[in-house]
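Order of writing sets the chain letters: A, B and C. Residues in each chain are counted from 1.
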């Protein structure tokens, strides 16, 4: 196995700009794998790093400086045309965490850097800002604005030539939190999948509440008028009164719509025999789509964030498995959605992205989800399960 | 035209330390133009950049890292003696924005980095900190603590050999603000002027309120006992009760005065036929001065900030054209001083600094302002137009 | 004298990684002195610097980026075994100040970087977060999260070959604070002492309140079950009701104890004829210890922070001389513990660490403290001197 440490406090390694061909990684020359790291510059990007993994038909961009976020993925379809997985936020910079003040504007500062395809929310808390007892919680927790350490690239030198990028992100405060998150992102040249396997460990001596939401965001070309979401669900409810008004076509996507703002839907999903659930968003003619699969053992609920406002506002749909819905933590204990991690315990989160660029792949996913739904009728609640104050 | 990109996200360019002679810029050797960029270090300067433009008798220092602020200008007078335009804040570092927490101390953190000659306030809001409805606004907005991108130097290779420094500063937050500010600063070897031409564009889909104050600050040698301010005005009012007590000699400058603190005066200026108004501060014997000219179309009001406390406190006078006065935004809607920028719209701000080092220049400016005042008698209000809570 | 500027705004010097042998510093080759500086990387360390001074049997690590903090000291005992002075916080990174938001979580953000042996608290304020009149004070003030400037190494080239590291840390805000702190840390190869001599100067025109606490923290091998604290005291009182319950064995240290959390004790110490008081913590068999000596002229009170919770929580005891106790400033004016520094005035703080690795040294310190106590009976108050709201 080829292994390269890109960033390490322990080993005092900080590889800056980097470009690795297959040969440099000890692979047969024909294997379509290459890796780059770029030191970003300009505006609030100064200090951010960007790692680009080209693996077969997929190009994945990862931001170690922002908690190992996935900025986006581009995958070639059968016609060698690029299908982009990600979205266009009004925020263009890969914002370095030192420019983010999460406490700003009533806890909304997190939005100053929000533009990635995969944004981790957590792990002390996730969800909307606000007071929870004595604590003021800022939007979606702190992990995304924490730079990673021990960033390591691994490339298998035999088929299937799996490429794995690891990074550790600490969430620590004296007397409060002693969390370590080991992230691993992997893919192979032959498969249309991007796999995230994260492990959260409580290194402290006391049990702690935690929350996680994988805030995965997608837009054009998958999102468009007529795009459709498929989710096998036991229960669907609107996040608030505004979303209640959109229940009837909650999974039908409109074109960019002025003043749409956002509708959020809470889902309790149905899992398959392996403990996975799957959510699919495909474009209008079902020729491409994104399938988000996740292990419901640790990510038992799903938030759908239908933010189909104008392009300039960031036309986007979020498919977000989590421990919890997007409410402030204060509301979620009664819902049973604020789990605890014991001292020394580890929790594993698995999210797999199906980067579907062929109609057959989309159809197979639709069929699979339909079959999961067959076992059970979705209960649709017409009013929110939480009364917001 | 000689053009050099100093910093660019798009082009992945970050020129560090740099020193350019006239010849290197393709100019005749005798043309007195040179350019330097320095990477600052030490204390809270770490990461800041400083660009020094020497153009004829003027040396201008610009801080791209702090929103293209002008740190100061030094210009040689007829006797080749330096006249400095700027001031001595107790804050000595060119503070990198990552060390500023604007939310600190009730929204006063901005003051930790306040020491430039030209400090832009805005553009979502400007003015004093405090609550405005649901929003808590920090002092003078966010633009000054935002690093620029796409910093470009342009030097004309033919007379008048205009030197222009451009930079873009973004003020963006998902679902909130999508502003881009294009700044341009220019000067020529032959003229005693420094010209700022800024363009604010609302890249979002919705109209937004905005505010701008050009917080221009000047001290010795222009500011001294007997220095005098000339402003053509339709209306003058004291900012608060304390300033009301100083109305009678509002434009006469004292020596550094212990416990003076600050008096602030609100002015509705008179413009000339080109839409420009002019404010002049000259020293006691009117041998040098600073003339601030500005287009009142977008900068309709003027704040005079008479902060003639001790030297150690930062003896300084601010001459500040703006969309608004220095009150918190909450107070200014009723005054008609919270304008709106439509989706896609651009607003242009023009401020020209006359770096007057000769008595004739000062006299001409005094005469010009007097003539503007001739058309109208200034209305002086003895009490503040806003009752502060 | 060998002198090397490591960081200087004035001289535009920023020495990065550095390794100096005795010879390179012009010392006889046999003199056991060497100096290193390392640029840290990974996680929230990015941008931090670490200076390692090896002087005789002591290795001192200093963090210029965090206000000249002392990360830890390791000293060889007679058997050449390392004795470590410092502690193991759950926070492992040497956190760069740009990642700290002291306003976070009700003013507790300081805890995100808290892991050094010597942590300066101050100088505008120290103590617990909370409202003091119009001001919200964050935990323990701002100095520790302020990078130093003018960092200078000095090594005497004749016996006793004193090594001194100086650095200036500014605490400045326009219209508010104009403090400069000159720090000096020194030691010689022959003596088991580390000496801190700090000078705080008010460069402003007005008198200001100030506070300082030298938050010195120690753990294994000195801290263990049976470790004991010796303090010559005029008065002892518990910080709060919880500590009141631990008064009877306040100076006896338990093994790491689950759910112990922290007990804090307030001490008014007795000084010797030179104005110094001494506090000693030694291990169970009194074979090694840390003696904290301090000039009570400017540091009149002592806080003992008995945080003997589990190892993972940061098992540690703080021996903290200060102008003040650890209460929020609002409570301390009535105690006479919020001093004022006049305009232009300087205050000197002297703290000397005895790095005791021999039983005789420990015994001598015990005897010295006992003798100081002989002059006076300690008054023990059973209830806190402050009623917390």
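The criterion applied here is as follows: a contact is a pair of C-beta atoms (placed from the backbone, for glycine too) under 8 Å apart; a residue touches a chain by one contact, two chains touch by 3 or more.
If you're wondering where the values come from, they're calculated on a predicted model, not measured in any experiment.
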Quiz item: For the two copies chain A and chain C, what is the rotation angle that overlays their Cα atoms, in steps of 5 degrees?
Solution: 120
Quiz item: Residue numbers at the chain A-chain B interface: does the shared fraction exceed half, giving same, or fall under half, giving different?
Solution: different
Exercise. Using mean C-alpha positions as chain centres, tell me how far chain A is from chain B in Å, no decimals.
Key: 42
Quiz item: What are the residue numbers in chain C that touch two or more other chains?
Solution: 47, 98, 101, 103
Quiz item: Across the complex, what residues on chain B touch chain C?
Solution: 38, 40-47, 89-93, 96, 98-99, 101, 103-106, 108, 111-112, 114-115, 258, 309-314
Self-check item: Residues of chain A that touch chain C when the two form their complex
Solution: 7-10, 12-14, 47, 97-98, 101-103, 134-136, 138, 146-150, 168-170, 172-176, 178, 203-206, 343
